[in-house]
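Each of the two complexes below includes chain A, the first together with chain B, the second together with chain C.
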Partner chain A sequence: MTIEAFIGQALSGISVGMVLFLIAAGLSIIFGTLKVLNLAHGTIYMVGGFLCYILTSKLAHIPGAFWWALLFAPIAVALIGGVIEVLLLRRIYSQEMLYQYILTFALILILGDTCKFFFGVGYQTVSVPWPVNGNIALWGLSFPTYNLFLIGCGIVVFLGLSALMRYTSLGSIVRAVTHNRETANALGINVPRVYTGVFMLGSYLAGLAGTLMPPMSVVALGSDMAVIIECFIIVVIGGLGSLPGAFLGAIILGLLNAFGIYIIPKLALAFPFMLMIVILIIRPWGLLGKPE
Partner chain B sequence: MILVSLVLLIVPFVFSRSMVSLINEMLIMALAGCALNLMLGYGGMVSFGPAGLYAVGAYATAILLTRYGAPFIVAVLAAPVVAAIVGAIVGWFCVRRSAVYFALLTLAFAQIIWTIIFEWYDFTNGDNGIVSIPIPEVLYVGSNIYYFSLAIVAVCIFVLWRIVNSPFGATLQAIRENPMRTEFIAVPVRRYQLAAFVISSFFLGIAGSLFCVFAGSVFPDYAHWVKSTDMLVVCLLGGIYNFAGPIVGSGVYILISKVISKNTTYWMFFLGIIIVFLVLYMRNGMVGFAAEKIFRFRNKLGAGNGEGKS
Partner chain C sequence: MLLEVKKINTFYDLSHILFNVSLEIDKGETVCLLGRNGVGKTTIFRSIMGLTPPRSGSIRLYGDEIKGKKPYEIARLGVGLVPEDREIFPDLTVRENLEIAGKKGRKEKQTEDWTIEKVHRLFPILRDRNNQWGGTLSGGEQQMLTIARTLMGNPTLLLLDEPSEGLAPMITKTIEEQILLLKKEGLTILLSEQNSSFALRVSDRAYILEKGHILWQGKTSELREKPEIMMTYLGV
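Moving on, here comes the complex of A and B:
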């Protein structure tokens, strides 16, 4: 492998990893605060993808349609998330884990078929928007600009979220609820509203990822199933509920996906799961998580 | 009980061919559901990977028949053994973790099984699956294949019923209710959980093998986690705290999916709505719901006659 191919492969792996980070971060935040493992999170991402496609194709006559989609699609997805939380999830927090799984699984079916109804079963594509299309020359090598743009987005969201959690009063409220729900409640924090907000934030991130992905890949039914599994791997590697963990896990998974195929092609698909099993057995709280 | 078995025995005489094969599918799913429910309802272990072991059973039979030309009986009998061995290896790791980590571990292992099936072309035929498996002609005569499935499923479900009603089953339920306390009274919790895992794998292997015989073909999708959630839904639909839950759940689930899918391509939407309704309003599943209603009704009746004092 030439050095150019090597770096190119690494960059494309990391850029896909960054999109997955956005989704996994949402999954992880929701799990950390609500203690719900949302199986439908990948489907929420897919809804974002379809919204991106429909907005860019309907607004094709407006310059910068993609950027409008990038602005509005995630907000729409967050609103859908809010409705889901208020109408459904809120009623099962006190229930056993199993009911959460099954309810969120039902959401996969419902949202998936709703997408099928509105957007059809075909593969939809979105072209790479100006000005991040084309290639960029770095150190005499040429890379797709969009990959670098995605990596930038991932880093910005990671830093922004970390700052939000660490330095704002909103962040400390969320952390308080995550840490001890009863005490937070006794201190006058409106816990249900925090739950709704966190679920909407997580959905927003999934919607953002859904909007960013189509120019690089295709929008299609079933992409949710592949994505949610990858997100499970990421959050397990990094640690369930840990934001830096999700960031690290996404980079590791991105590189593993990009290079696994060169090491032992036959096992490329199995590598991530093997890593997941090893982590779950020796360090179930993940690389950057804290033991319970 | 007797009524149900009579009805199942005369099914091929009453219903059309397609209906009989539908009921055949239900029987196999009922067995898979009951096997899973040994862990789920009785052991309180939420597994995301039953489909992996189900697929191991199916592929064991398929590969023995096509690649090694093994006698039919051997191929069918080997399936649960292979599944139990794989289950023992997987389970040994999985029972070390609980709750969400247990679920994720089972998921990861099932996905590895899926990957192996998917990638190992020379052995499993990869994503082409194995088709036209040589099933003995005699099974295709009349409704023999239906009776074959019925007999095996009946025996297996009876054995499972004995297992859950044995001291082993009672201990398993104690572990579900409170693992720590059970550990304190000197029960080796992990060993019991592993045993439940292996037994469950064994019967999942039989269900897989039966489906391989029934369909005459196997595909990697049998191991996919979506198939696992199918099984979880079957258990939940019927109710996980009743032995008959998965059996009823399987019938209802397959009926719903076939009936709705005949009328609309959006059957998953309606299935989703039904599941949501179930989770929100009938948490103990249909059998649990019915049992509760009957119990209340009896109490009312008893009170009316002045018999029931409590």
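Moving on, here comes the complex of A and C:
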């Protein structure tokens, strides 16, 4: 492997990892606060992808169509998330865990088939938008600009979210509700509204990832399941409920995917699971999580 | 009447905990609930706060029915609960624990609103702990932070669930003085205790509970004069 191929592979692995981080961060925040493991989180990401496709193709005559999609598609996905939380999830918080799984699994089927109904079973593509198309020369080597753009997005979202959770009153309220919803409720915090807000934030992140991914991949049915499994692996590696953990886990998984296929292609698919098993044995609460 | 609880029956799933419990608290009074562990003192607080709403009966605050309202709505109407197990938010700093509970009081409340500065005057130790994580405080400091946190919501009625539980005698003494200061400020207080000497020193009236029923009610001066009442009902 040449140096150029090595760094190129690492960058592409990390950039896919950054997209996965956005999804995993949303999954993790929702689980931490609502105590709901949203199986349909990947499907919400996929909806973001289809919205990106439809917006960029319908707005193709407008310059910068992709950037409009990047602005509006995640907001639309957040609104869909808000509707799901208020109309469906809210009814089952007091029920057994099993109902969450049935409900969120049903959402996978319903949202997936809705996408199939509107967009069919084919692959849709979105071209890499100006000005982050083409290649960029660094240290005499050439890299796809879009990969670097994704890495930048991941870092900005990570820092932004961390600051939001740590330094704002909104963040304090979310941390309080995450720790004990009943006490927060008795202190006058409108917990149902916090739940809706957090679910919308998590959905927004999935929608953002869904919009950022198509230019370097394709939009297709089934991408939701691939992604949700990778996100579970990321939060297990990093620690469920830990934002830095999701960030680290996403980078590790991205690199593992990128180099696994280079080194032992036949085992590439198995590497993430093997790593997850090792982590579960030696540190069940994840690299940066807290033991219960 | 500030709070009027009438014939409430409260259940945890199928187990019936409170049986036709009625109690009244006038503005400015300090009233205590006495009884052994498990007689339903905490359930009375949870019923008033809306955390475990009663199945029947009524709870009126300033004459308005609050039964069936959500806990955060009841809190915003001026009821502040200091839970028995304290429930400090460990991954919020002391200051953040206080800030998230900040609310305006109702118009009936005539005293100066609680702010971080005012809370620090009552509990100076919290000023020194300002930027520490809530989880790092000692038991006594946690109890003070829980009371301070609830005060930040500017309640007109303070519900104190076993404030002296698990505290060293010296700290209990401090908490007692702080409760007396709150009382002097005009705050209406309902507290529960197993430690009856503590409760009798700070309260004007008492209710004695046994297995979810109210067995006796009256002035605490009466309890002090006739210890046989305590003997009969509490075995102390």
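Everything below uses one rule, namely that the second predicted complex is superposed on the first by the 292 of 292 C-alpha atoms of A that agree within 3 Å, B and C clash if a C-alpha of one lies under 4 Å from a C-alpha of the other, contacts with A are read in each partner's own complex, and residues count from 1 in each chain.
Criterion: a contact is a pair of C-beta atoms (placed from the backbone, for glycine too) under 8 Å apart; a residue touches a chain by one contact, two chains touch by 3 or more.
Values in this document were obtained by computation on a predicted structure and should not be read as measured data.
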item: Touched partner set for A:176, first chain B, second chain C, both or neither; value: second
item: Partner chain in contact with A:6 - chain B first, chain C second, else both or neither; value: neither
item: Touching partner for A:274 - first (chain B), second (chain C), both, neither; value: first
item: Which superposed partner A:189 touches (first chain B, second chain C, both, neither); value: second
item: Per-residue contact with chain A, leading partner among chain C and chain B; value: B
item: Chain B versus chain C as contact partner of A:107, first or second or both or neither; value: first
item: Contact footprint of chain C on chain A as seen in their complex; value: 169, 172-173, 175-176, 179-180, 182-192
item: Residues on chain A engaged by chain B in the complex (per definition of touch); value: 37, 88, 91-92, 95, 97-99, 101-103, 105-110, 112-114, 116-117, 225, 229, 232-233, 236, 240, 266-267, 269-270, 273-274, 276-277, 280-281, 284
item: Footprint of chain A on chain C - complex, ascending; value: 49, 51, 70-72, 75-76, 81, 83, 87, 89-92, 96-97, 99-101, 103, 149-150, 153
item: Chain B residues within the chain A interface of the complex; value: 40, 46, 93, 96-97, 99-101, 103-105, 107-109, 111-112, 115-116, 118-120, 225-226, 229, 232-233, 236, 240, 265-269, 271-273, 275-276, 279-280, 283
